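You will see chain A twice below: alongside chain B first, and alongside chain C after that.
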Partner chain A sequence: MSTLSSTERTAKRHMGINTSRRISNTAAYTVLILISIIWLVPFVFIVLQSFRVESTWQVGYVIPQKWGLDNYANLFKTDFPRWYLNTFIAAVATAVLQTVIVLCMSYTLSRFRFKMRKPLMRFMLILGMFPGMLTMIILYRVLKDLGMTQANAVPGLILVYIASSGMGYYVSKGFFDTIPKSLDEAARVDGATRFQVLKKIILPLSKPIVIYTILTAFMGPWGDFVFARYISFGTSSGMNVAVGLYNWLNRDQIANNYTMFCAGGVLVAVPVTLLFMCLQRYYVEGVTGGAVKG
Partner chain B sequence: MTHYSDLEFLKLSRGQKIGYKTASFFRSIPIGIANFFKKIGLGIGKGCKAVGREIADIGRTFRDGDIHTKMSFFIMGWGNLARGQILRGLMFLLFEIVFIGYMVLTGGYWLSMLPTLGTKGPVKELDPILDVFVTKYYDNSFKILLYGVLTLFFIAAFIYTWRVNIKQNKLAEQILKSGKKLKSGREDLRSMVDDKFHKTLLALPMTGIIVFTVLPIVFMILVAFTNYDGTHDGYYSNLFTWVGLDNFNTLLGWSSGNKAYSAAFGEILTWTLIWAFFATFTNYFLGMMVAMLINKKGIRLKKVWRTVLVLTIAVPQFISLLYVSKMFAKNGLINQGLMSLGWITQALPFWEDATWARITVILINIWIGIPYLMLITTGILMNIPQDLYESARIDGANAWQQYSKITLPYMLFVTGPYLLTSFTGNMNNFNVIYLLTGGAPTNPAASTAAGSVGYTDLLITWLFKITTGAESKYYMASVVGIMVFVVVALISLVVYSAMPSIKNEEDFQ
Partner chain C sequence: MANVKLTDVKKIYDKNVVAVHDFNLEIKDKEFVVFVGPSGCGKSTTLRMIAGLEDISEGTVEIDGEVVNDLQPKDRDIAMVFQNYALYPHMTVYDNIAFSLRLKKVPEDEVYEKVTNAANVLGITEYLMRKPRALSGGQRQRVAIGRAMVRNAKVFLMDEPLSNLDAKLRNQMRAEIILLRQKLDTTFVYVTHDQTEAMTLGDRIVIMQNGYIEQVGTPMEVFEMPTNLFVAEFIGAPKMNTFKTKLIEEGGKYYVTPFGSKIEVNGIKGDMLRERNVKSQNIILGVRPEHISLAENGGEDTIPCTLEVNEMMGSELHLHVVTEDGSHLIVRTPTVDLDADARRELVYGKKLNITFEGKVMHFFGEEDNRNLLV
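Entry: the complex of A and B
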């Protein structure tokens, strides 16, 4: 009797655990679904509105009454293709050059021990506390003298993006720190130069961080607003997508351009998002590692 | 205040513990700052001593050196050339020639103009041939300041190179005396990819940083002491000149009659700090919660939930921010939708009312920020040793106790430095504020003389507005920028010195 009751009790307790777990899981799923809706809704809306034909202005409903590709067609009658090309060129150039610079910097600071290493890192930390925007005033004037503003903003922009990118070495330095130093030393004992160590041992191991750096460098110019706006300075042919699309939402332009903004936004977001999603794994690794090491 | 040992601390009641911790945090602030200045003082002392040593060494080298070394004091690279290091010698010589040429041709001029920033502005003169008045341009304050700073940099670089040149002579003499051979040019080149490889690697990044960050920042700091603005652009309109601390006085208002800027600065700084606090901590805790929710045992489709959130990171921020900003506008989707549903009769003042706007930007920032925090915290949460939880459960700890005694301390410990950078990052979060509200709604009290100032403006958006505004008061922008630096540096200093991951590095290891 007593054994039976004890098994019964255990069974009951198990059931209790199961029900309470089921309840808490249901609650968790509800919250997660709610979160997903909140996070996805704006993106769904923007896509839906990009297909809306009946009015170009904001309306109180989401699903278009009349569907069509007019907004996308109209985009090509504006400077949008030019902005797109500008941004794309800047993004590709930045991705290549910035990756080289960041990797040089972070590899050096991670692998070499030289006298100026610590002071250099401290100096860059302090330098990073100044708002980067401050330098915009002088950079604009200098670039203007060099003829790299307004219509020719793209080379100027690339220069600005890459020039100081060495200061963003933290994440990739954290990665290089995790590669055991004994690998380097073994190769050095075998007579390899430092350059050969980098080329033959470190780089093949660094695929994740290289991809992470390229990805973030490539995404940067798509979202840059401040420098792009200041350097293009009101000249439409020198703008990037962010500045061009921002202007469409000005008070005097929004009535005609709101749905076109949505269409432009979709055209910008889709390729960038797809690329990002494909390389998501590397991004997550980089971000996680970077935060832990500070 | 008494200081408790660890054992005594554990005996305290809960309230006493909290009180003790808070008190010791605030006590550590002045100590941290004092230590910082002490360190600076010691650093300066050390620096002076080092300079003294260097000068003594230079003197000794001259006294004891042979004729080649002595000649190298005047003609850089002489010693290298005489001792057969042709490549090095030529580099030194070339540098000296370029430097002297530069100083004679232009550098001297810029340097001599630096104290005044130019004296002769544009004037209308009668053109004798055409017989009309034309504007003639003379000095260029902007160029004087820029090239003046550049020349100072160049001089510093020259002194450094000159010193290296002397050191090398001394070394070369010693090596030759001991009967060894000097490095040939070929070996020098080889060491560029070997034991001097770090210099090769750093050359490109450091040049970029010096030319595009250090030089502009030095220039802009100097601008804070001038009257450089739209009407004093230094060449076309009027020259600008040094004004001392006037601009700092205008912003901080210690003795100026016009308090418009200092009032605006106070308001904006307060809001910037409030914003940074809420933006950082709402994101931090909610992001951690979402991560824990997804990590929860028994939750399926973990990847799907994560991907949904990551979408916000993938879509370029300006698109989502601008779109959401218009969604909440007076005649935007949300207001129009709610009105057509009959839930409200008047548009909700998301961007029109100061409090509404401030709360809305913080809420939308949660939407933007949670995905990052979710990604960051997921990895760390999984790293917490599971046996900690197991033993806690055996001891009968409930979920909240497990969270507050294990998860949270661990997270705070590991992400302490991240929290600090994210706080200062939020203080300078230009995109979120500018693309969502542009600083609106306007704050009429603060806007009078300080340009247009809004209730959601951060220091950084204010800086941008001052720069791009009608009057382009670059000097004020520069002062605001320096203030941003001061605030960020102070906060970093205080928090850093009080951070557990710095103080007790071993706690969780």
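Entry: the complex of A and C
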């Protein structure tokens, strides 16, 4: 009797846990679904606009009456391909160079012991607190003297993007620090140079962080507006997509370009979306993985 | 296949921590040298300086006659086994062992031959395709040794390779290291804090304390002639009994007077004292537990004491006894020496008389703790 009642009690408690869990799950999912709908609306809206052909101006409804690819085709009659290419070159070059710099920097700060190491890290931390915009005017002057503004903005931009990338070492250094030093030592005794240790031991063990570094390095230039606008300084052939598309929203241009703007926006999102979808698994691991990996 | 010579080697860590003081040692070709000492005495630091993983603050390290102070580890032609194994977690066992060979651009068929060979010797063939994560501690240790084996390096360094294993596996691996040593036939430097490992493995043992070498010698030498009290207590298990007493010279004979007894120093130790013309003085007397025996009857040369703990170790008994003035001693008696009745009587509170012979005593200066006979 007593055993029966005790099992009953346990069963009841289990049911209690299950029901309350179900309720809280339902609540959580409802909220999450609502949030994602709110979040998705602008995207859906833009995608729908980009396929609308009956009017290039804003209309009072969401679903297009006539569908077509006219907006996309028209993009290619403008400077848009040029902007797209500019952005792509800047982003890819930055992604490659910045990743190399950041990873080397992190490895150095994580593994080497030299005199000014601590002061250097502190100095970079403080330097990083100043907004990059502060340097904009002087950067423009310097780049102009070097002939890297306006039509030649892309190399100038790449220079700006990667210039301070060594300061973004925190995350990857933190991750490298969790990899036991004796692995380095074993590899060095096995005949590896410092660089081979980085390439063959540290990086393969830090895949998530490498992906994270590449992604952030790519995203920065891909979405940059302020520097790109300033350094291209009104010259269309030196603009990136963000700057170029923004110009279409001028009071006198917007009526003709609104749907094309939407099409451009969709195309801008494509590579980033693809990149994220391919690397998503690693990216999530990369942001959270550092804490638990031994 | 090389000798290693350390001359006045010193290691100063930043903040002026001196971890190793004036370390002088010549390790001969194909010798197996063991560094042993308590935690923090600088064994690993010395080993890592030989490996090139730690800068040498002062002095020189030579391998095969060449000063290697400024050579990177990869250029020193050494192999090393780490305490925590340090296997590359993202590689299979095969790739772990092959790592050094591939760096040297050894042709892949030769790599295959060497890796499978090493795996055979170590009995890890069936794990070659596994990642280290899926191995037990003992298996990982074998992989770590395999990784060092295929190197064919001039010097083989091991830093407490067995300390993460359980007692049984440790004994087994210790035996395997002895076999391995015979197969590889190269110079070994082995670090441990376990005196049993040191005694069983080493051709020579280097006993260290606080960054200083206390004694260098064969296992027999350090066991029979410890240069000072520290070595005497460190080598041998259970540890040597030591107590303050007097050494008295009377008409050409020497006596010690522990706990009110008077025991003649006979045999070789007596001769040595006479030869060196040692004066009567206060000393610290050392007697190993296995050299103390139970006396039948009380007498001038016996010490009365009371049994506290009787540890049955199988082939021998460890008797923890207390003398009348409260000093604790350990007596080690072979079980076969006692008949069943005598054994049964050895319980808490039993009164015993113990004695020992002069020829097995060790005499240390009261002030400097140095062996009077060295």
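The definition used in the following text is that the second predicted complex is superposed on the first by the 248 of 294 C-alpha atoms of A that agree within 3 Å, B and C clash if a C-alpha of one lies under 4 Å from a C-alpha of the other, contacts with A are read in each partner's own complex, and residues count from 1 in each chain.
We take it that a residue touches a chain if its C-beta (ideal position, glycine included) is under 8 Å from a C-beta of that chain, and two chains touch if they have at least 3 such contacts.
Just so we're clear, the structure is a prediction, and the values are computed from it rather than from any experiment.
Peer 1: More chain A residues touched by chain B or by chain C?
Peer 2: B
Peer 1: So, does A:I162 touch the first partner chain B, the second partner chain C, both, or neither?
Peer 2: first
Peer 1: So, A:Q65: does it touch chain B (first), chain C (second), both, or neither?
Peer 2: In the superposed model, A:Q65 contacts neither chain B nor chain C.
Peer 1: Looking at the overlay, what does A:T193 touch: chain B (first), chain C (second), both, or neither?
Peer 2: both
Peer 1: Look at A:T19 in the shared chain and tell me whether it touches chain B only, chain C only, both, or neither; answer first, second, both or neither.
Peer 2: Neither partner.
Peer 1: Based on the superposed arrangement, let me know which partner A:I201 touches: chain B (first), chain C (second), both, or neither?
Peer 2: second
Peer 1: Just chain B (first), just chain C (second), both, or neither: which does A:L183 touch?
Peer 2: Touch partner of A:L183: chain C, not chain B.
Peer 1: A:I126 contacts which: chain B (first), chain C (second), both, neither?
Peer 2: So A:I126 only meets chain B here.
Peer 1: If you lay the two complexes on top of each other, which residues of chain A touch chain B in one and chain C in the other?
Peer 2: 193
Peer 1: Provide the residue numbers of chain C that touch chain A in the complex, in ascending order.
Peer 2: 51-53, 72-74, 78-80, 82, 84, 86-90, 99-100, 103-104, 147, 151
Peer 1: What part of chain A is in contact with chain B in the complex they form?
Peer 2: 21, 24-25, 28-29, 31-32, 35-36, 38-40, 42-43, 45-46, 58-62, 100-102, 104-105, 107-108, 111-112, 114, 124, 126-127, 129-139, 141-142, 159-160, 162-167, 193-195, 198, 219, 222-223, 225-226, 230, 241-242, 245-246, 249, 254, 258, 261-262, 265, 268-269, 272-273, 276-277, 280, 283-284, 287-288, 291-292, 294
Peer 1: Where on chain B is chain A touching in the complex?
Peer 2: The contact residues of chain B facing chain A are 142, 146, 190, 193-195, 197-198, 201-202, 204-206, 208-209, 211-214, 216-217, 219-220, 223, 290, 293-294, 296, 298-299, 305, 307-320, 322-324, 326-327, 329, 331-333, 336-337, 339-340, 367, 371-372, 375-376, 378-380, 414-418, 421, 424, 428, 430-431, 434-435, 460, 463-464, 467-468, 474, 477-478, 481, 484-485, 488-489, 492.
Peer 1: So in the complex, the part of chain A that touches chain C is made up of which residues?
Peer 2: 180, 182-183, 185-193, 196, 200-201, 204-205
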